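After this come two complexes, each holding chain A, first together with chain B and then together with chain C.
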Partner chain A sequence: MTTAPMTTNLLEISDLSVTMPGRDSGSVKVLEGFDLTIARGEAVGLVGESGCGKTTTLLSILGLLPRGARVESGAITFDGVDLLRCTRRQLRTILGRRIGVIWQDPLAALDPVMRVGDQIAEVIRAHDDVGRGRAMQRAKELMRQVEMPDVEQLARRYPHELSGGQRQRVVIAAAIAASPELLLCDEPTTALDVTVQDQVLGLLGRLREELGVALVLVSHDLAVVGEMCDRVSIMYSGRIVEQGSTDAVFERPRHHYSVGLLASSPDIDRVGVRPDGIPGLPPGSVSESSCAFADRCGSADERCRSELPVLGRLGDRLVACHHPAVVRESVNG
Partner chain B sequence: MSELTEADLTRATGRPRALSRHRWLRNRQLTFGLALLVLLILLFALAPVISSQNPNYQDLTQPLAGPSSAHLLGTDNLGRDAFTRLLYAGRIDLSIGIAAVIAPFIIGTILGLLAGYLGGWVDAVIMRVLETVFAFPFYVLVIAIVFALGSGIKSIFIAITAVAWVSYTRIVRGEVLVAKRVGYVQAAKAAGLSTPRILLRHLTPNVLTQALVYAMSDIVMTILAIVTLGFLGLGVQPPTAEWGSMMQDGYQYISIHPWLVTAPGIAVVLTGLALSMIGDGIAKELGRRQ
Partner chain C sequence: MTRTRYIAARLAQAVLVLVGVTILTFLLIHIVPGNPARTILGVHATARAVHELDQQFGLNQSLPAQLWAYFDRIIHGNLGTSYYYHSAVGPLITSALPVTVLLIAFGTILAIVVAVPLSLLAATKQGKVPDHLLRLVPMVGLGMPPFWIGFVLLILLSLDLRLFPSGGYGSTFGQHVQGLVLPAITVAAGTMPLLVRSLRASLIEILDSDFIRAATAKGLSRTRVLFRHALRNALLPMVSVLAVNVSFWVGSTVVIEQVFNLPGLGNLMLTGVLNRDFQVVQSVALVYGVMIVIVNLGADLLYSYIDPRVVLGE
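For the complex of A and B:
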């Protein structure tokens, strides 16, 4: 492990398939043939509707899949170490230390009966052999680094005594406490007020530059991903349907789901125009023999319903579609 | 034109703060329960001061004497002072009752934490044993175990511990199952904290309050069990004064000396009332805070 060659990719997920227990004894595929690579210092967005497998991907990396969920195949390699084949003990030297997590709901992610300063110091002490006082000192430095005021006072507060934005700052401080190389962000701004969202995003962007940390940003907020990420993966029903640089995918989407997704987010330049939705609902489980989006897609034909499109290179990106959208035609739907 | 007087100011600013500081005083259940318990404990603790008599001294010339200034509640069939025995019995019953709750509380809580957090076969084993114990009525199992081990304080402890842990395990396991799904346990795991640390520093403080509230009412159950065992002759052995055995000695004379059996009964009721009210009061206080 110590002599593993330094790879350019920090995290490599290849061919990951996950099943969850189904309603009656069977199991449901929630993630199928999922590939994702993240280079050092890179920010990658994972975008898709609820239930498309974004959070499952994060939980797989962390080894926190709910009971009953099974990784059927694939590998998750972090800097040469396969996380899926790690023991709990090995995993503990990576989680928190080299991978930090920023959770969606900061109130739930913090222990309600422990002072926030102690919660940050605890992460430091779990990974560094430092004394109680020194860890608390460092916790307060981290709180200043995430732009919290009155650190001496706030460190002694309990989570319910802080505002939503301050709580998320505490979660961020705990996530970066051991200077990780990768930050996993699960909808980091969804639970926050709109005004606070912007501050937290600004903070994340700044930390990314200062610490050179790589970022996986799970979100359904396209604006957030567009602002923060170098690359984006659009997920639909447990698979990646389009992957490429954020600029390319957002400006010239080729998969019809990406087209619909981008058209359904409100645009400040088109005030009064109701964003288009995508008709129908995503399917409950991953399909094997057809395009999962076929039933909701305007361009679907017989081939889409009988043959699964594979993710393949198309110019500057990867797309899984038999009839990719023609550039420029569908952007202003 | 109205001028503010000192009284107005006090009413406007001082009183709400004073009320909030002594808010627990307004929780009448808790206040009354605590007052009653303190009174009872004082009576039992100061027994040698309140009564100059020896609880075990037999004045065989005066059996079954009626209440008098020398014997407030009269004497029992062996000529012992019933009032003195009542106070000394309180010492025994209350202290065993409290002590006998501690072991099941600790054991039950630990097993509940392990079952809830680890799940899998650990949970399966603990829950199957728990269900077996739970299938028997509380008293039947306690009496059976004491009967098998032979009467005495040690047997009471073992029997109550062996039966009463199940309630704590059930309560704590349920709380852990809920807490485990909540973010902070997941977050602690993702931060690379060790399992013992998550269990001790995060889960235990969060799940303990419910078990503590239950422990208060469990003391009542335990005292009732001890008294029941005493009444059946399986409990604390004579001549030590104990409410259950006092009732057993006295109930044959209920028509001529009703106090011999009713006084220990009333003592049990008052003690149980005080403890229940404290338990309910604490539950109310915790509920208000959340």
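For the complex of A and C:
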């Protein structure tokens, strides 16, 4: 109990700033002062409009930012290991083994010329010293665990020979193959047919209970986040604008963006409409000296346009707003 | 089942093309302006000799009858008689064919062996020093005609350093291989830049794709990600480039065979043309055609094994 303090947090992201290559060889800030902690077994939702930096956050954790992107500052610590500064070799013992990823587009995330069974088995072989046969046997068990039929036959198929839902199950099987402690899910159902979205979400929920794995769930679907996540972070233009328990934030949103997001949400997402019921567009780059939401906010004043609101505690949550919304009783009616 | 259908379709296509190629070589004799027999025999030939040759070629028959006779002859393996060598054309081809095939095969294999690691290096170090250096190589390579590279090699390694024979094919297999080293390097020097260029481009695209990110996120070794996933997916475009390139070399080893004095098909073709040895020219052209058809058929079959989606796409 003397040297390394036992951290209860599995993942800690603090003050993360990321730039992407912009036009004319410049660079654009897409993530600024981003903080997020995830406790063991906890499920956290990451919600925000397209382009606000959700995927960038996940890729930063994995060290897989696109070419030209840079982490300008900050730290990402996984169970005490600094992911931004550890060696490639060290990172490899964490990726796939302790952190699994479920990708948005399963067809793109699978190697088109490798049998799906092999794509699951290779995770096992990368982290455990087992033979081909044993790994394949385990891969088939995993396929059954994610509720795939005809496993013997499907394991020998190529990704293009499976349905969208089956492909995502393969991706999930590969993600949980080495029993990770954390699952990163980037809009795991957006690319799927509406009919299989619920099945895959149900599966994710069950797996989470069975495996006790922590979850970062990126989603446009507020209903899904409300159902699956303990806490939620609402992102706007590269920053977290509101963060708290899902119940608190969803029932009594205090940031005006959260208010608009929740008001425009009721299930329209299910038919592919994104929560953009708020008029106007998010700014292209992270703002430094004003509230990024000011142009679209009904409560904006001079201060909002000249001073950056910092994320601060407000009762049961964190909010970055100069004039937080007054609590209305039961937004959902 | 689908693959069987795919293969059957490709084979049928190849047979059709072969028939076309045969007809083309048949028409060769009629493309030459004037009386073919006169062309072959020269201006000083007697009318009687010309007439005899007409008879022998069956040139006085109708075109369809001639074509039928030609097909019949080819199918029975009769490639006619060479005027210059005074012997059947068949054996001439049988002895020249392996030289050219080996030359192209060695050259292509050499090009692949060099191009794959270079392309991987360039693609993974995109925009850095090794990449910039490697991008100069194709420029230099493409800027020089292959025979010139051949000459340089010949002068440097054979005449100056005496490392290799300066030409000839020898009579034992060991001598064959020795004699083929420099010519094969010349073929490789012509192939390699094209290969590096296309392989580098497809690798760069593949390395930036989602499934490579996904593979890395699985915690696989860099080697496995590069070879088992990236390179494997880059093979398909590579086979296309190789098929085109090998087809090109089939008709383009003439110069290289000349420089290194190799008794290959190109050499046979050239002597045939120079000596108006019509049967030889026609037969070599036919063999060229068959080789190109086989190369492309092979490439098509390879596709279906490399990429399971190809079969589906039919």
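Annotations for the structure displayed:
Going forward, the second predicted complex is superposed on the first by the 312 of 333 C-alpha atoms of A that agree within 3 Å, B and C clash if a C-alpha of one lies under 4 Å from a C-alpha of the other, contacts with A are read in each partner's own complex, and residues count from 1 in each chain.
As a convention for this text, a residue touches a chain if its C-beta (ideal position, glycine included) is under 8 Å from a C-beta of that chain, and two chains touch if they have at least 3 such contacts.
Predicted model only: the values in this text are computed from it and were never measured.
Partners chain B and chain C, once the complexes are superposed on chain A, run into each other and clash. In the superposed model, A:64 lies in contact with both chain B and chain C.
Touch criterion not met for A:26: it reaches neither chain B nor chain C.
In the superposition on chain A, A:97 makes contact with both chain B and chain C.
Contacts of A:114 after superposition: both chain B and chain C are touched. In the superposition on chain A, A:133 makes contact with neither chain B nor chain C. By the touch criterion defined above, A:158 lies against chain C but remains apart from chain B after alignment on the C-alpha atoms of chain A. Once chain A of one complex is fitted onto chain A of the other, the partner contacts of A:149 are absent, as it touches neither chain B nor chain C.
On chain A, the surface touched by chain B in one complex and the surface touched by chain C in the other have residues 62, 64, 67, 88, 92-97, 99, 101, 103, 105, 108-114, 122-123, 126-127, 171, 174 in common. Only residues 62, 64, 67, 88, 91-97, 99-101, 103, 105, 108-114, 122-123, 126-127, 171, 174-175 of chain A touch chain B when the two sit together in their complex. Here chain A touches chain C in the complex through residues 59, 62, 64, 66-67, 88, 92-97, 99, 101, 103, 105, 108-114, 122-123, 126-127, 158, 160-161, 171, 174, 178, going by the rule given at the top. On the side of chain C, the complex with chain A involves touching residues 126, 208-211, 213-222, 224, 228-229, 232-233, 306-309, 312.
For chain B in complex with chain A, the touching residues are 119, 182-184, 186-195, 197, 201-202, 205-206.
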